[in-house]
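Below are two complexes that have subunit A in common, paired first with subunit B and then with subunit C.
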Partner chain A sequence: MIVADQKPIEDIRKMLKGKKKVLAIGCGTCVAVCFAGGKREVGVLSSAVRMATELEGEPVQIDETIVQRQCEKEFIEHLGDQLGEYDAVLSLGCGVGVQTLADQFPGTRILPGLNTKFMGGPTEQGVWEERCQGCGNCLLEYTGGICPISRCAKQLMNGPCGGTDEGGRCEVDPDTPCAWFNIWERMDALDIQDQLMEIQPPKDWSTSRDGGRRKIVRKDLQKPKLDEGS
Partner chain B sequence: MKEISNYEPQIIAFCCMHCAYAAADLAGSSRFAYPSSLKIVAIPCTGRTDMGHILKTFEDGADGVLVAGCLEGRCHFQTGNLYARQRVEHVAELLDQIGLEGERARMINISAGMGAKFAELANEFAKTISALGPTGLKKKPASRELPLPSGKIE
Partner chain C sequence: MNQTPLKSNSRLERILAAGQFAVTGEIGPPKSHDAGVIREKCSQLKTYVDAANITDNQTGIVRMSSIAAGILIRNEGLEPVIQMTCRDRNRLAMQSDILGAAAHGIKNILCLSGDHQSFGNHPGAKNVHDLDSMQLIRMFQEMRDNSQFQCGEEIKGGGPPLFIGAAANPFADPVALRPLRLKKKAVAGADFIQTQLIYDMDRFREYMKKAVDLGVTESVSVLAGVGPLKAAGMARYMRNNVPGMSVPDHIIERMEGAVKGISNDDKKARMQASRAEGIRICIEQIEEIKEIEGIAGVHIMAIEWEAAVKPIVEGAGLYPRPEVEN
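== the complex of A and B ==
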């Protein structure tokens, strides 16, 4: 899932300065399950900002709503009729949600209420960790299902770096397990540690961000076009 | 905040019905006085209170919110009161950030038999809130929830 965190109230107040009527829009998918932008969080944030701005003497009316998935046009289209009455929208979706709203409603000021952090998941109640950087050419096959791109501070392809401490923690952050220590343990348990003796070539980053903005086209799913001539 | 004579702070106490609610009842029947402006809302467990309830209570005009649960380790649902404490602490931080004093939200732990203690803690809280004075929030500003196109999302 996409994991996000709410922006500090102070930042949101600054963004909303001078606005009179704002619609806060949550998202019922990723950011709802990481408790950043679901219905409850929209309620709490809106309530806090309403009170803050009233105490400041410049009250902002904040209405609340939520859509099931803010990153798809079909789920947000219905909002079009109502946006006219608002000075701005405060999106509690991830960055994709914010941009989908902005693309769909170019005449409305769309503001981000969240800081989108990473792709990851919960590792214990109340804790989320990064697991994937969308490198575009997954190599989990070689690393026992543990991603060194997102979980090793140095993104090593042939680790560990030598800085791992005795407890198997990363030298960059002693609160984080060394990804390569984990990879070794995992592959040892699977009895495939000999695969680690094969040197991995440098990673081709052109499938990642380095190759520019990425796009997937699925011809099998695209809307068929009727041939005019037939 | 400003001192106001005859000011009666509006306090809402979310009381767990397994302990604090009974304690408040006992305080009443044993004639231990607590402020009449303290209104009690019975809840099945303090773990049921979420941050939204507490914030909206302030928006609706409360000057202080008390969340009263069982003694730690004695929660009917084991850890409901521990969750509640974390949330109340979080709300207090949020209140500080928005310009309201965090002391306006407080968690207390009490058992069903502690009627006198309930009155004592309620009076003490009322004193804190009286000293802080009204929140400065008028009536809850108009706001609404837009209807969903279909289905309900939680």
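== the complex of A and C ==
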């Protein structure tokens, strides 16, 4: 899932400065599950902004709504009718949600209420961790199912750096396990540690963001187009 | 003496090829464009070491470029070992820099992952890590031996003559993996290895035994990292804070013992006594290291204390440095 975090309220207030009427739109999928942009969070954030702006003497009227998936056109189209009355939309979706709204409603100012952090999942109650950077060419088969691209601070592909701390902590943060320590432990337990002696060649990053904006086209799923346009 | 042709003909390579016990040192470039700093440090190391490493934005702090500083010491008559980290450059920049360095006659290169930028003075910087140190070693080896760029394209006129080094941290976790990782660097194409600072000789002997058993030392020259302690506090700090640093109690006790009986107020006398002990320990350790099977030399790290190199090298009976034919 996509994991996000709410922006600090001061940042949100700054974005909303001068706006009179705003629609806050949450999302019922990833960001609801990580308690950043679901129905409840939209409610709490909206009241906080209302209170703060009232105290300041420049009250902002915030209406609240939620869609099931902000990242898909079909789920947001219906909002079009009401947007005319708002100065701006505050999206509590991930970065994809914000942009889907912006694409769909070119005449409306869309503001981001979240900081989208990573693709990952919960590892314990109240803790989410990154697991994938969408490098576009998954190498988990060589690393015991643990991703060094997203979980090693140096994206090493051939083993740990010299900085792994005692007990397998990453040199960058003592609260974070060293990905390579985990990879070693796991491959050792599976008795496939000799695979680690194979030298992984330089990665082809062109499948990652380095290759430019990425898209997937599935011809088998595309609707036949009558008019190809430009 | 075997007659395999030398790969780079660097002084360091020639010393090692001649079966001599090699001595390398280390110079940290200044956080400025002041060439005088480099020349001063160089004058303290020159003639006492066979070559000196030039660190590459060590600990993520911006300093004079290692290649530029390397050219400066080369001009002073000291052979540089250029350090190159994977943190700041992608494969284009690494290849282009090594061609430039080779054009200036630089031959020794040490391939490193690099300290994370969060430790340095630009923690908000983007890191690169296009390659890791293993891939960097292999890339330089292929440039040299196959005259080809990483993409496979031919280097017209031949590849740069390099003597390729890598680092090893014998005691960092996962400890069981470390000798294998050393072997992997050898397979990737490393010609020499410089280890992290070693104070725990017993553990180092065990590590080297594994390395020898794995056949690593047949193709790679291992230089053990040593460094003089300045004070007991420094030893304790390193033991507690530097990953993979094992400083045995008896070393710390000796450093504490060195200042016993000297009044706390006499800072100068305490400092001198403690530093003299640090140098003595370092010399004794080199003597022990010389006896370890598979060891080809020492790498003396006395950063910001370059003056210690002379008494250490002399004290360990490693002076004068041998002359090797060009």
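In this section, the second predicted complex is superposed on the first by the 224 of 230 C-alpha atoms of A that agree within 3 Å, B and C clash if a C-alpha of one lies under 4 Å from a C-alpha of the other, contacts with A are read in each partner's own complex, and residues count from 1 in each chain.
FYI, a residue touches a chain if its C-beta (ideal position, glycine included) is under 8 Å from a C-beta of that chain, and two chains touch if they have at least 3 such contacts.
Predicted model, so just to flag it, every value in this text is computed and none were measured.
Annotation: superposed three-chain arrangement on subunit A; subunit B versus subunit C shows no clash, the two fitting side by side. Angle at the C-alpha centre of subunit A formed with the centres of subunit B and subunit C, after superposition on chain A: 110°, rounded to the nearest 10.
Looking at the shared chain after the overlay, A:136 reaches neither subunit B nor subunit C.
By the touch criterion defined above, A:205 reaches subunit C but does not reach subunit B.
In the superposition on chain A, contact of A:68 is made with subunit B only, not with subunit C. In the superposition on chain A, contact of A:177 is made with neither subunit B nor subunit C.
Of the two partner chains placed by the overlay, only subunit C lies in contact with A:157; subunit B stays clear of it. When the two structures are aligned on the shared chain, A:121 is found in touch with neither subunit B nor subunit C. Applying the stated contact rule after C-alpha superposition, one finds that A:196 touches subunit C and leaves subunit B untouched.
In the superposition on chain A, contact is made by A:165 with subunit C only, not with subunit B.
The least CA distance from subunit B to subunit C in the superposed model is 27 Å.
The residues of subunit A shared by its contacts with subunit B and with subunit C come to none at all. Those residues of subunit A that touch subunit B in the shared complex are 8-10, 23, 28, 32, 38-40, 43-44, 46-52, 54-56, 59, 61-68, 78-79, 82. Of all residues in subunit C, those touching subunit A in their complex are 86-87, 91, 113-116, 118, 127, 129-135, 138-139, 150, 167-169, 172-174, 176-177, 180-181, 183-184, 187-188, 196, 243-244.
Interface of subunit A with subunit C (complex): residues 153-168, 171-172, 178, 180-181, 184-185, 188, 193, 196-197, 199-203, 205. Residues 50-52, 55-56, 58-59, 94, 97-100, 135-138, 141-146, 148-149, 151, 153-154 of subunit B touch subunit A in their complex.
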